[in-house]
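In what follows, a structure is listed as structure tokens, so that the remarks can point back to it.
In order of appearance the chains are A, B, C and D, and numbering begins at 1 in each one.
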Amino acid sequence: MSKDVRVTIWNEFRHEKTNEAVKKIYPQGMQAVIGRALEKAGGFRVRTATLDEPEHGLTEKVLDETDVLTWWGHLAHGEVKDEIVERVHKRVLEGMGLLVLHSGHFAKIFRKLLGTNCSLKWREAAEKERLWNLEPGHPITEGIGDFIELANAEMYGERFDIPTPDKLIFVSWFEGGEVFRSGCCWERGHGRIFYFRPGHETYPIYHHPEIQRVLANACRWAAPRIRKPDCCPHVPTPLEKIPTKTIDLQHVKP
Amino acid sequence: MSKDVRVTIWNEFRHEKTNEAVKKIYPQGMQAVIGRALEKAGGFRVRTATLDEPEHGLTEKVLDETDVLTWWGHLAHGEVKDEIVERVHKRVLEGMGLLVLHSGHFAKIFRKLLGTNCSLKWREAAEKERLWNLEPGHPITEGIGDFIELANAEMYGERFDIPTPDKLIFVSWFEGGEVFRSGCCWERGHGRIFYFRPGHETYPIYHHPEIQRVLANACRWAAPRIRKPDCCPHVPTPLEKIPTKTIDLQHVKP
Amino acid sequence: MSKDVRVTIWNEFRHEKTNEAVKKIYPQGMQAVIGRALEKAGGFRVRTATLDEPEHGLTEKVLDETDVLTWWGHLAHGEVKDEIVERVHKRVLEGMGLLVLHSGHFAKIFRKLLGTNCSLKWREAAEKERLWNLEPGHPITEGIGDFIELANAEMYGERFDIPTPDKLIFVSWFEGGEVFRSGCCWERGHGRIFYFRPGHETYPIYHHPEIQRVLANACRWAAPRIRKPDCCPHVPTPLEKIPTKTIDLQHVKP
Amino acid sequence: MSKDVRVTIWNEFRHEKTNEAVKKIYPQGMQAVIGRALEKAGGFRVRTATLDEPEHGLTEKVLDETDVLTWWGHLAHGEVKDEIVERVHKRVLEGMGLLVLHSGHFAKIFRKLLGTNCSLKWREAAEKERLWNLEPGHPITEGIGDFIELANAEMYGERFDIPTPDKLIFVSWFEGGEVFRSGCCWERGHGRIFYFRPGHETYPIYHHPEIQRVLANACRWAAPRIRKPDCCPHVPTPLEKIPTKTIDLQHVKP
């Protein structure tokens, strides 16, 4: 029951190496900050994986030992190999949880799972964001009040091109005048998916205690309830007796 | 308002060339029977397209003139070029309607739009199928009573690996003991998608007047309400004034 | 096909009689302004009905001739007779459309159809509201751009206690810092329901051309597709032969 | 975390007193059999309540100590006092779980929460029912295989007049030719609702080990995540500064 949830934190990990402002906020990468937050929250076994590792750090073995995968990417979505995307996609449909973070809205894996463009409106003005909590009874908002306020955020605005979420958890208000569906749940196959908007690399969003709380909650929520390989079974023997048939051709017109 | 709906009926068109039993039921291919049914229903301009034509018959020009595309495939899903799948996918998200028929559940375009495996249970025993009408007020069931009965059908059984439909229109009862979600609606991007289960090639399903009625209804329902290319706009100028900001670093721990 | 949609505009019609500011904006009541807007839009036959008429103006005969009912109430929800609420409820489930406007969120009929409290946060500060259009392809937003801006509005904020809408059309941004699901679609029975937030009595919201456009679009969208009385049929004769049975008691423990 | 879930099993408890066949199957009432099943499953504290007790056994005190309420009624829906229905309704919206069983589809509390007629087709022929499991990853189907088979069941057939379920768990196949959405989940307010079809009084359905398993699973699933009284807060002070306003009357036509 209360086994640790095994989380693999995937990060593109490029901005942190090249941009001084980002490096200052995330000297060891965002994955390190998110990882420490989960460890502090307790109940998780955390590992990280990044784009530039072999197989992007997502070998079959790593995925065998992953209950929930979190995904942050931005600059280099196109460098993620299709073969790895297929591999992760298969795992989610089998039951693995997936958290897609911020600019991960354009990640191949997110678009493949949702089937839409996942496009949106955007602006970088360090503006204020207030994420309103629409579902105070949902496990993802446990311990969160009426809203979360971020002093500085990149703006993402509607229309967000996604399938209607199964459950809409957060809606953001932006200082500059826009709104956004910032916390969205879906189920695909046997897996659970949570998209969580905040997280721009030049603002210290993943250091924020309430954002960390949501991430921990979401990793618990997305943990697999089942693991089940896909199949398309041929069942030649029916459960009920079917008499021998002749094909009815009454509607066939010459 | 009452302009004709331009429907392109896409068919793999292989079984009809090689299998004598199928040829007898569909001498000119299923597409011809479906096409005539729509023309008889009225309000449509119909064309057909098949796998073995150049670009599978789905050139940009053809799609420019297509409001609703219907899709039947079975043997040769793998032969459909990814480039054409991308093209159709883009069009659906922009607003074009899509009807996916029977074994089209495994078509690349269907899986790409839904993001799941779209797998199911199956059996060929010419058994009876009864499609129960769950939504008598929906445009797709106009003129259809409590159920449609087919004397002979291939069985498809649950679990059908699809995202929860926006609207579940038909549920099938099979003589051999299974059930299936046989009529399912989704919206993706600005386009509408309808999956309709009946249609096995060795039974004369598309000759059935009530099946033809559903197809015509569904083509009307899926007709575009809008056509809108995807974009991800950068809006540097906010609608509201944003004061100059300094980044708040209070939560950043060294 | 293109028969006029018969709309009955129901208004509590109390504020307009007692409050000078409201009287100035709506000298003949909101119903008159909404009615003229629909007539100008074309394709409607409009009548009005108000609380203080016998049977609140909603006799069986009036409802027989009503395709879509719009509902505005505020001060006097409690004065609406349960018997009339039952009558309207029955009609919606049979197929009649219903638009619930602004403070109608607390109307008996809305709560009866949705089953929840329909409570929300509120403030009167004449603040700016911007309704973002999430569904540019939906009939309700035809002719509406990215957003509608209102110079002065009462604020309604989340959490709005409603069942997850089938389709979320508008999300509002408020100057004071809140957000709200301002345009929501549901289907109940065979009827369609649209909740539309704007409309506070002391601001001239129903004079706004884009608000009028949404109201006309929504009345068209909500027009009945079917009218079908409820029943719970006893079908003693099965469609398939059922052999005579003895009750299996194997699991009954003494 | 692993505190016992406190379940109150509500039963009309009339058939069992007057009908000899029912008495034989449920000598102490269905509530006793369901209660023993939960106790055997473990993790529950069980009490029962019945129609003929004062306040139908559902005093405020009992509800204070109830996490999940299960509801079976049939003959005497009309005898359930509106005041008690209101009380239960309020509790569900605040977070209490509710399981509605079989003929409880017509219970006042179910119709009040869903807002629809909840009508269906029915037949008593002791026929075979097979409940297909559409969601093998859902907590409610834990330990259940592809389907549950019941040798004898009353038939319920579509169209079941309910709002589209958030999640459709079971679909039934009936020997006589019908289908039914037999396991449906909804959330209303902060509470979870599960409708579970099987349970006719003259067949020993609640003795069936897999039915008992589903009931225990569903009681765990429906346990409150939060308890939160409804409110509609007036928030006169905005989060953001709103300048003093004059009402814009540009659209008001004389």
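Just so it is clear, a residue touches a chain if its C-beta (ideal position, glycine included) is under 8 Å from a C-beta of that chain, and two chains touch if they have at least 3 such contacts.
What you see is a predicted model; the values in this text were computed from it and never measured.
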Message: Quick check: more C-beta contact pairs at A-C or at C-D?
response: C-D
Message: Can you tell me which pair among B-C, C-D or A-D shares over half of its residue-numbered contact pairs with A-B?
response: C-D
Statement: Separation of the C-alpha centres, chain A versus chain D, in whole Å, is 32
- prompt: At what distance in angstrom does the C-alpha mean of chain C lie from that of chain A?
  reply: 35
Message: From the mean C-alpha coordinate of chain C to that of chain D, what's the distance rounded to whole Å?
response: 27
- line: Each of the following residues of chain D touches two or more other chains, namely 130, 136, 157, 164, 166, 175, 177-178, 239-240
Complex contacts: residues of chain C adjacent to chain B: 1-2, 95, 130, 136-139, 142, 166, 175, 190, 224-226, 228, 239-240
Message: Quick check on the complex: what are the chain B residues that touch chain D?
response: 130, 132-136, 146, 157-160, 164, 167-168, 171-174, 177-179, 181
- request: Could you pull out which chain C residues touch chain D in their complex?
  value: 25, 93, 106, 112-117, 119-127, 151-152, 155, 157, 161, 163-164, 166, 175-178, 186-189, 202-204, 207-209, 230-236, 238-240, 242, 245, 247-249, 251-253
